[in-house]
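Given below, in the form of structure tokens, are the structures.
Two complexes come next, and they have one chain in common, chain A, joined by chain B in the first and chain C in the second.
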Partner chain A sequence: MMSTLAPFLPTTLVIIGAFVLLLISTVRSIHLKSYLYITVVFLLLAFAVALPQFGTRSGVYVLPKVFGHTYLADDFATLFDLMFLGGGALTLLINAIYLRKRDYYNGEFFALFLFAIFGMMTLAHANDLVPAFISLELTSIAIYVLTGYHKNYRGSNEAMLKYLVLGSFAGAMFILGTAIFYGVAGTTVISELAAFIQIHGSEHLLALSTAGLFIMITILFKIGAVPFHSWLLDVYLGSPFPVTMFMASVLKVALFAIALRLYLILYVDTGLIGNQIISFLAILTLIGGSWLAISQSMLKRMLAGSSIVHGGYMLIALSSIGLGAHLAAPAIMFYLLSYFISSVGAFGILSYIAADSNRPLTYEDFKGMAHRRPYLSAMMAISMLSLSGFPSTIGFLGKFYIFMSAIESGQFALAGLGIFIAFVSVYYYFKLIAMMYFYPCEEETCEQHPFEIHVSTLLIGLMALITIWGGIGTSLIPWFPGADGIISIAKQAIGSLP
Partner chain B sequence: MIEILETSLFALLALGVLTGGLMILLARRPATHAMGFFIALLSVAGLFALLHQSFLFFAQVLVSVGGVVIVTLIMILTVNLREADLPPEPHQTRWLIGAAVIIAPLSLLLYQTLTTLGDAFPPVSDTFGGTRSLGTLLFHDGVLPFEILSVLLLTAMVGAIIIGKKEQSYDRES
Partner chain C sequence: MTVNPDAYFAVATLLFSLGILGVISRRNLLVMYLSIELMLNAVNLILATFSRLHPDEGGTMIALFMIGVIAAEAALFLAVIVQIYRKKHTLDSDAFTELAQGKKL
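Here is the complex of A and B:
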């Protein structure tokens, strides 16, 4: 009995945590810090339960008599579960100082946070388009609310409304695609769809391609690929810092989880039209995102623009999957991890500094930063180097695998464009490093701030260390995975797909 | 004779859906929007009835027409927007035509797609779409989506309460 229910345990723990937080959020005497730590405890507990499950299963339907073929437990989903849980806990802990210094957070904030993570986990496990859609909407609704959490700030209201209206519209495309799939194949179960496409795919090429395209539109919208990116800058700027960080890192991982599952099953060796479109969108995303990132003066907007570009790199690998590159799917997973680590570091430092400031941070605010906060500046520089893909950081290896997969699939021009865009990105990332190190301190008080020992700052430091560790990729400690280890873990997860 | 009747009914209902949609897009007053919404949803219910889908018809009438439209109307009455409060829309026609031009090829693609589906399905049995078969389907294949949906509704409710609540005394940026 226990073994059949074990795959549900992490998800159950997260949802129980959300209910507990909802129940105790009415108690006024509980401090915000307690809510934070209760949330983190539930996330880490679920992480600890999910960790031993990795590597044990390759595609088991959980409780098939009750759920049919809708809920799949495989290494692929477990790996993504681990990323959501670890990422969620990291996001909260790194923003602990920011959360403490703002008055508008309460217990419901953390409950909604857990609801969003619950939605992501069921999204990664869903083997049916209908639960996948509902999970996606669950995550989205929780994040719409989190986006608008700072109610007295106009930007936050604007961000919420924009995201809500456009996001719901994009979500409708998913239903349309699902309906067409159902109309053709008579099923919405992803693995049954794959079987249908293998046999009858060529007879219904147009309908199946259109359906896949509509579903991809929703995913591309939420990723922020270029023709669908117009919401992204304002939403990232208007949201509170923890939410921006959550959207840029963990939500992106969740979207690529469903994109990878669909893509690996529907587009590999089936002749469906989709690759060319994804390649084309990757080009648009890389160029458009770079343009947006270059033209910003606010750091949050710059990071938002750059997150579009990083989505573009992953689209390169996604299009390579359909052309038969075996490295592409693990490359995306590695890139997600590397982007997650680097961006969590960058957003974490921004949120730490912004906690004392009442306005959005610009490049100018970082002038002479290295004199005032040498440690934080060094960590920021490492994050920026990694985001730009500088060698000896984890970001370099991420880009390396992406371009390798593009070359493996024969998309040489796309790989070339990717490398060019990586050079362009050096401009806006190194501008910040230059501001920190090569400008004198202009403020009245140039004395050095002491390094505050706190869970936030320590975790930011840890992220910087992991960035370097992952980049050098040594195996000094045999049991601890370096870059090669992560790639083989990702390959194992991909291999568990049906 | 019956076929002609069905076709003309379908045309009428389709016209209703389109009229409702256009009313939502073009009308100036919020109450007119709600009426357009009402007409569109009711016509969709009629389309379900035309396909002998009794359950979907009732669900559409009860939930969408009876629930959603009423809630929309109550909201419009509560907020009580005046014409002067609405933002000006100087280039409305230009926007509409532009959007229509952009969407036209997409609609053509959808039309082509849906016409190829044709008779991919076997003819349905008499019980198809009835309350009984739907219930069996919902509580067999649909248990997981159903359960996640309950969490989704809870999340939406909590979110709506938080966003609607008025209690704050801070005003800090970013």
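Here is the complex of A and C:
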């Protein structure tokens, strides 16, 4: 009995944690710090339960009598679970100082946070389009509320409004695609759809392609691919820092989980129309995102623009999957991990510095930073190097695998464009490094801040070390996975898909 | 009397298109919200029709789940509209451009 329920345990722990927090959030005497640690304990407990489950299964339907074929437990989903749980705990701990210095956070914030993570976990496990839609909406609704959490700040209100209207507009496309799939194939279970498309794909080519594209529109919208990107900069700017970080890192990972699962059945050897469209959108996303990132002066907007560009790199690999590149799917997972680590570092430092000021940070605020906060500046520089794909960081290897997969599938022009865009991105990342290191500090603000020993700053330091470690270390420490280890873990996870 | 299923699909397509048109062209937030609900309910109609065409109840079940999702979204939308009206005393979507223009907030 216990062994059949074991795959449920991590998700159950998270939802129990969410309800516990919702209940105790009415108690006024509990300090914010306690809520934070209760949340992190639940996340880490679920992480510890999920960790030994990796590598033990290849596709088991959990409780098929109750859920049918909708809830699938495989290595792919478990790996994504681990990323959500670890990412959620990291996001909260790194923002601990920011959360402490703002007065508008309370217990419900953490409950909503856990609901969002629960939605992402069920999204990764979903083997049916309808549960996938419901999980997506669960995640989105929790994040809409988190976006507007600073409810007395006009920017936060505006960000929530924009995200809510455009997000639910795009969400309707997903369920429309599902309805068309149901009408044509008579089922919404992803593995049964795959079998149907393999046999009858050519008879219903137009209907199936349209349905697939409708679903892809929703996913591309939430990722922020270029024709659907208009909300992204404003929403990232308006939301509180912990939420921006959560959206840029963990939510993006969740969306690629469902995108990968769907892409592998829709566009690999099926003849459905759509792969060329994704290639084309990758080009648009790379160029448009770079254009947006270059023209910003606020750092939050610059990182938002750069997150569009990083989505574009992953779209390159996604379209390579459709052309039969075997390296592409593990490359996306590696890239997600590398982008996650680098962006958590960058957003973490921004939120640490922004905790003391009430206005949005610009490039100007970082002038001469290296004289005032040498350690933080070094960590920021490492994050920026990794985001721009500088060799000897984990970001370089991520881009390397992406371009290798594009070349493997024969999309040489796309790989070339990607490399060119990587050079362009050096401009807006190195501008920050230049601001920090190449300007003298002004007289009155020049006193050195001591390095504050706190869980936030220590974790940011750890992220910087992992960034370097992932780029150069391979087998120096036997039990700790280097870059080769991560890519073989990703291959194992992809191999567990049907 | 049985109606040709194509008629249902025609109505659903019309409703969905009207919803898209409403979100794009109308400026009032309440009307935009109603347009999104119209799109989602058009999908419900499609699902119910398919459920009758296939000899199974799966589509109706999906429509039932959809109603739950729509209700959750309705709660959130109305809460946001109330909050925003308190702050700005307008529901014109053109009034919310401060983030895009990079004004001091």
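Definition applied: the second predicted complex is superposed on the first by the 496 of 498 C-alpha atoms of A that agree within 3 Å, B and C clash if a C-alpha of one lies under 4 Å from a C-alpha of the other, contacts with A are read in each partner's own complex, and residues count from 1 in each chain.
One rule holds in what follows: contacts are C-beta pairs under 8 Å (C-beta built on N, C-alpha and C of every residue); 3 or more make two chains touch, one makes a residue touch a chain.
Bear in mind the structure is a predicted one, so any value in this text is a computation, not a measurement.
A.B. asks: Does chain B (first) or chain C (second) touch A:161, or do both, or does neither?
C.D. replies: In the superposition, A:161 touches chain C alone.
A.B. asks: With the two complexes superposed on chain A, say which partner A:495 touches: chain B (first), chain C (second), both, or neither.
C.D. replies: In the superposition, A:495 contacts neither chain B nor chain C.
A.B. asks: Using the superposition on chain A described above, determine whether A:137 touches chain B (first), chain C (second), both, or neither.
C.D. replies: A:137: touches chain B and chain C.
A.B. asks: Which partner chains sit in contact with A:64 here, chain B, chain C, both or neither? Use first/second/both/neither.
C.D. replies: neither
A.B. asks: State whether chain B or chain C is in contact with more residues of chain A in the superposed arrangement.
C.D. replies: So, of the two partners, B touches more residues of chain A.
A.B. asks: For A:391 in the superposed arrangement: first (chain B), second (chain C), both or neither?
C.D. replies: neither
A.B. asks: For A:172, using the defined touch cut-off, is the partner it touches chain B, chain C, both, or neither? Pick first, second, both or neither.
C.D. replies: second
A.B. asks: Let me test your reading of the model: by the given contact rule, A:416 touches which partner, first (chain B), second (chain C), both or neither?
C.D. replies: The answer is neither, since A:416 touches no partner chain.
A.B. asks: When the two structures are overlaid on chain A, which partner does A:234 contact: first (chain B), second (chain C), both, or neither?
C.D. replies: In the superposed model, A:234 contacts chain C only, not chain B.
A.B. asks: Output check: A:52 vs chain B and chain C. Expected answer is one of first, second, both, neither. What do you get?
C.D. replies: A:52 contacts neither chain B nor chain C.
A.B. asks: Shared contact residues on chain A for chain B and chain C?
C.D. replies: Of chain A, residues 130, 134, 137, 141, 144-145, 148, 151, 153, 155, 160, 180, 183, 186, 359-360 contact chain B in one complex and chain C in the other.
A.B. asks: In their shared complex, at which residues does chain C touch chain A?
C.D. replies: Residues 16, 19, 23, 29, 32-33, 36, 39-40, 43, 46-47, 50, 53-54, 56, 58-59, 62, 65-66, 69, 72-73, 76-77, 80, 83-84, 87-88, 93, 96, 98-100, 102, 104-105.
A.B. asks: Applying the document's contact rule, which stretches of chain A touch chain B when the two form their complex?
C.D. replies: For this pair, the touching residues of chain A are 15, 22, 66-68, 70-71, 102-104, 108, 111-112, 115, 118-119, 122, 126, 128, 130-131, 134-135, 137-138, 141-142, 144-145, 148-149, 151-153, 155, 160, 180, 183-184, 186, 204, 206-207, 210-211, 241, 354, 357-360.
A.B. asks: Any idea which chain B residues touch chain A in the complex?
C.D. replies: Chain B residues touching chain A: 109-110, 112-114, 116-117, 120-121, 140-145, 148-149, 151-152, 154-156, 158-159, 162-163, 168-174.
A.B. asks: For a test of understanding, state which residues of chain A touch chain C in their complex under the given definition.
C.D. replies: Against chain C, chain A makes touches at 130, 133-134, 137, 141, 144-145, 148, 151, 153-155, 157-162, 164-165, 168-169, 172, 175-176, 178-180, 182-183, 186-188, 233-234, 237-238, 298, 359-360.
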